[in-house]
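Please go over the structures that come below.
There are two complexes below, and they share subunit A, which is joined by subunit B in the first and by subunit C in the second.
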Partner chain A sequence: MGTLDYIWLGILAVFQGPELFSMFGLPISVTIAMVLAGFLTGIMVGATPGLAGPVAMAIALPILISVFGYTPDALLPVMGFLIGVMKGATIGGAVPAILFNTPGTPDAFMTTLDGHPLARAGKAGKALRIAHFSSASGDTFSDIVLIICAPFLAILVERYLDLPEKTALLILSLSFIAAVVGGSPAKGLISTGLGLLAVYVGTGEDFYPRLSMGSTQLAQGFPIATAVLGVLIIGAVLKELDDLWRKKREVGTVAASADQGDQRLHGADIRRLFPYIARSALIGTAIGALPGIGSTLAATLGYTVGRARYQKRKAPQDPAFGEGAPEGIASTEAANSSVSGANLIPVLSLGIPGNAAAVFLILAADSIGGFNPGPSVFRFTADTVNPELVVAFGLFTTMMLANALNWTIGGLFMRSMGVMIRIPKHILLPSVLLLTLAAIYVQETRMEAIWFALVFGVLGYVMRALAISPLPFVIAFILGGNLEATARQAFAATGGDPWFLFTNPLAAVFMAASVAVIVFTARNRKAAA
Partner chain B sequence: MKMILRAAAAAAGLAVLATGALAADWTPPGPIKLMIAFRAGGGADTQARLIAEELEARHGWKIIPEQVTGKGGLNAAKAISGENPDGTAIAMIVTETLGYNLRAANAGSPDMVTPLTTTAGSQMAVVALTSAGYKTLADVIAAAKGGTAIRFGVMSPSLADLAYVIGKENGIEFNIVSVKGGKAVMNGLTAGDIDVGFGAGIQAKAVSAGDMVELASVKSEPLANSPDAPMLTEFGVEFYNDTMFMLAGPKGMDPAARAAISAAIQDIVNDPNSKANQFIAKGFGGAVTISGDELDAIIAKAYSDADALMAASAE
Partner chain C sequence: MSGSTRSNFILGLVLVAFSAVLLFVWIPLDTDTGYIEKVRRQVTVGDAAAPSIAALFLLTGGLLLIFVERARADQPAFGRRHLVFVLSFVGWTVLSLLVMRYAGPALVAVLGMDMEYRLLRDTLPWKYVGFLIGGTMLISGGISMVEGRVRPQRVLLSLVITTVMMLIYDVPFEDLLLPPNGDV
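Our next item is the complex of A and B:
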């Protein structure tokens, strides 16, 4: 089994998987249909202000698992759907941003700056085409980087990192995420600490269910879906409902301006936009590869770099950034779209999620079983087939498939999504809440799960109210078990050396970096304030 | 006296017949909850779900599988214990749950559940990568005596004790690394994180491909794939691990339900045409269906043997 054989098996797993129906004598596999369904759902969800990709992924996941079951055959259809949602939501977010000056997803905020002025000037169609082209380019570039880098990184990790270094690397990622996500390193650390505390209830190696205070309900620990969906989705819904209640949003109709003149994207436009797209795609990919830094920062950076270049080169009669410059849309959309592919580099090679979308991919793999994201996936075995590697290449295939859909029908579908803004939030939010709770019950089938999810939802609400990002909580919850197990193993494997994190040079470097990233972020913040 | 014996035999025969008749007639009063003590998607979970699928297909019973994981099956055993004993709740655990794990946790006695039937045994062995160069456990012990630190991967507390005892009896000390599940032992071996480890049968493919080698049998009998591998007794260790997968019902389960469900499950795992049978043959060395008094005796022995192993590993 060479590398090429594995790539081919992965492609076959997608195209020749379980058949859904056949069209013109060609069998259409379930995976292909699921990628398409996920992609279209993603665009719709992204185009709806108040919803985002993670919401759709969270609600869909338990339902899909109950449909497809817990067999390895379920991995590609379910994860293909999630990948479709991830990609669809990225381009969908630009629609309301351009048409109505309301970003559908947070990272589309910078798109409003130039997109909406263009739309008001009667160039909405062109603005949407620019956004789509830039987004699809950035996304595809990022996926190619992922496919090339993830296996190499995984093999390097497997070859050079022993148990103490793996422990230190997990600590470093948690500390990095705590430092860079959200309000301040202190808030990030609080969020991380709460996540670790929650995951350590009822788990551990001892037979006594720790931290369960004698309660049989807590003895099994919190199911991962209740913690993740509770804090991320229910918390967000509660916060939005609160905002809605406080603000009593004005219910006026949003005026859309009529299109005038040529809306097409010409070769000359593409040549002009290309340098901006290329720069932003590089920025987005680099940021995506680091866990925890989301697409919003990528969009901001891409926009800033694009603006600096544009000011030097623009002709005097061209509109400046913020007044309807096509380059502004291109810089933003290419940057925020190129985050998603690269974000899977740490997921697939180390098992460390960097954003909410990655969290749900890990959750899917964890719930279904048969695929454990991490270095062991990329083991190119010679005489036996490594099924996890086939799944990994299958996932890459679904990503490329989603990209192909994006290039072909994505733009068309996206331009028809202007209507989604008309969905009133006072109907949308309770529906999301109900669907989330139903989805949790479908997966856990016990009433405690609902109570846990609601408590985590309140926690998520409180954290948002105090401007503490819930993402470190969720990532700590996911990595906590792994961190404890690896630390215990490293301690045992070194013959009970309590200083195992510091006696090994590479582990010591990781530990020093963990402290440094917190200290420097805190200091920079103080200097900036 | 003879008369009495004969009458007793007749009565016993009648009772057996009656139970058999009851078993044939028995239908569950509602959907059956199947608690699975293993992580979703693993070998044990797949086995349980395949059995459930076949029970539904053959008998029209409605089975609802549910994961109740953690604490070596004790969470599932505790959860099943208090369920309705009318046959609407069963649990998939291992004999080790009611043996060592229950004893070590001091969490009750084996009669907290009603054992139904075993489904499969294990091929428990000490395993290493072929490239490590060890032929049998003796080579590992010799290397350790020569000063090489040996990392020994284990997936349960009783196996951790056993690894310790193997070292103790041979005057060495292993660095015993606990991991979650047999799959993790295999990954640890391949990644070089551990040097040797226990495999319960998951190593079969790698052993037949020549990538891994079984250094010793940890069972009370020789291994199916490596019949020449030495037994632990050859290294002065009097303990072994004959863990089997089994199903159990709540405490004081209705005898008709117990007989009917046990028989239905045995039919499935023994039928070479069933997916469950094929899966067990591939992963766990073939179906093993022990029930009734024999199973009760095995569990009782596993429970009482636990003390001896704990005592030996505490020295």
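Our next item is the complex of A and C:
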């Protein structure tokens, strides 16, 4: 089996998988249908303020697993749906940002700055087309980088990193995420520590389940869905409800401006926007490849770089950035959309999730089985077929398929989603809470899981109220078991050397980098304070 | 956000105290193996090691808050308002979930049915009773809290939303169990 054979098998797994129906004599596989369903769902939730891709993923996952079962055949349809949601939500977030000055997702905030002034000037259609074109361009570029880089990085990791280095690399990833997510390395470390502590309750190798305080409920540990959905989704719902509660929600009608004049995107527009899109796509991809750094930072950086270029070149009559410059929308949307593909580089090559969407891909893989995202996936075995590698290339195919959908029907569907702003948040949020609790219950079928999720939800709320990002918690919870298992193996493999993280040169470099990234970021914050 | 709060310093102190309890009380008393364990002449990592790493993360974070980030200008104010919200909304959620858990069995007992709820939980209307009542309570409570009053049409809307959810999860999938039918 050569590389091209694996790529071809991956493509076939998507297009020739179980058939759902046929159209004009052509069989449509269930994976294709799920990518389409996920993509459209993603645009809808992205366009709904208060919802985001992770919410849709959390609610859909138990239903999808129930439909497709726990067989390897379920991997591509389920993960294809999640990838569709991830991509759809990215472009959907721009819709309310442009039409109503309300970002559908946090990373679309910068889009409001120029998108909404353009909409108020009667150019809403054009602004949406610019956002869609820039977003689809950035996303496609990012996916190409992912497809090229992830296998090479994974092969390098497998070839050069032994158990001590892998342990040190996991510690470095956790330190890096703690340092860069949320703007406070101290709070990042706290979030990471809490995530690690939670995953170690009730687990271990001894007969006695550690840290369980003699409780039979804690002895089984916390199910991953309760911790992840509790902190990530329920915590966010509680925080949003609290904000609404304080404002006593101003229930008013949201007025949209009427379009005037030419709304199309011409070749000349594209040529003018292209340098901004290209720069932002590079920035977003580079940022996305580092675990934990979100699309919001990418959008901010892309916007800042775009503004610097624009100020030098704009004609006197052109609007400035922040006053309805199309280049502002292009810079922001290309940057935040190009994060999503690159964010999967650490997942697929290292097994380290870098964002919430990646967390749900890992959850899906973990629930279904037969695919363990990480460097071992990219073993190009010559004599036998490596099914995980086929799934990986299948995933790349679903990403390109979602991009094709984005370029063809994405813009049209996106422009019809302005109506989603009218769903009142204060009705939506309690409904999402119940839906999430029900999703957890159908996976775990015990009330304890709901109680655990609620407790984690309160923790997520308190963390948000104290400006502690919940993402390091979730990533630490997911990586904690792997970190301990790798450390145990490394300890055994080095003959019980307690200093195995420091006696191996590369591991020592990773450990030094783990400390350095915290010290460096903390010093920067102190200087900025 | 408020520049006048000392939430970083207070959180730092709490975290340092918690990690000390974790390192010196909880982990030693609640794990059966230490940091390193000898099993059949082989030295392995004990169960106390990984939680101690978690405690060190917390301790480092707490110390950084006290000594490096205590004077940051963008410290959030966490106080009574947050507690009131958590106690009222989460309290209502807990109450709704308790109703969800016990409404079906209670109704069976009140109506003096021949069979216990466990035997009826897969039949109509019993399998929906708890989820419908508890779910409607949860959603309508959340809406009413934000609106500051209880409106019958919102309760009706909550009932409709809960019914739709129930249908999404239960009707197409025979193997999915709505709460609380997996427990009782």
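We adopt the following convention: the second predicted complex is superposed on the first by the 528 of 529 C-alpha atoms of A that agree within 3 Å, B and C clash if a C-alpha of one lies under 4 Å from a C-alpha of the other, contacts with A are read in each partner's own complex, and residues count from 1 in each chain.
Assume a contact is a pair of C-beta atoms (placed from the backbone, for glycine too) under 8 Å apart; a residue touches a chain by one contact, two chains touch by 3 or more.
These figures come from a predicted structure and were not determined experimentally.
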- Item | Contacts of A:445 with subunit B and subunit C, given as first, second, both or neither | both
- Query: In the superposed arrangement, which partner chain does A:193 touch: subunit B (first), subunit C (second), both, or neither?
  - Reply: second
- Given the touch rule stated above, what does A:160 touch, subunit B (first), subunit C (second), both, or neither? neither
- Task: Name the contact category of A:219: first (subunit B only), second (subunit C only), both, or neither.
- Result: first
- So, does A:367 touch the first partner subunit B, the second partner subunit C, both, or neither? first
- Task: Give one of first, second, both or neither to describe whether A:63 is in contact with subunit B, with subunit C, with both, or with none.
- Result: second
- Message: For A:208, using the defined touch cut-off, is the partner it touches subunit B, subunit C, both, or neither? Pick first, second, both or neither.
- Response: both
- Taking the superposition as given, does A:21 touch the first partner, subunit B, the second, subunit C, both, or neither? neither
- Query: Looking at the overlay, does A:178 come into contact with subunit B only (first), subunit C only (second), both, or neither?
  - Reply: second
- Return the chain, subunit B or subunit C, that is in touch with more residues of subunit A. C
- For subunit A, what residues appear in both contact lists, the one with subunit B and the one with subunit C? 205, 207-208, 445-446, 488, 492, 496
- So, in the complex, the side of subunit B touching subunit A is made of residues 39-42, 45-46, 49, 64, 66, 68-72, 74-75, 78-79, 101, 104-105, 107, 149, 151, 157, 175-180, 187, 190-194, 205-206, 209-211
- Item | Contact footprint of subunit B on subunit A as seen in their complex | 69-72, 158, 162-163, 202-203, 205, 207-209, 216, 219-221, 367-370, 375-376, 379, 381, 383-384, 445-446, 485, 488-489, 492-496
- Would you mind writing out the residues of subunit A in touch with subunit C in their complex? 62-63, 66-67, 174, 178, 184-190, 192-194, 196-197, 200, 204-208, 210-213, 238, 241-242, 244-246, 248-249, 251, 426-427, 429-431, 433-435, 437-438, 441-442, 444-447, 450-451, 454, 457-458, 461-462, 465-467, 480, 483-484, 487-488, 491-492, 496, 498, 518, 522, 525-526, 529
- Within the complex, which stretch of subunit C touches subunit A? 1, 7-8, 11-12, 15, 19, 22, 26-27, 30-33, 36, 42-51, 53-62, 64-65, 68-69, 71-76, 78, 81-82, 85-86, 89-90, 93-94, 97, 101, 131, 135, 138-143, 145-148, 154, 157-158, 161-162, 165, 168-169, 173, 175-180, 182-183
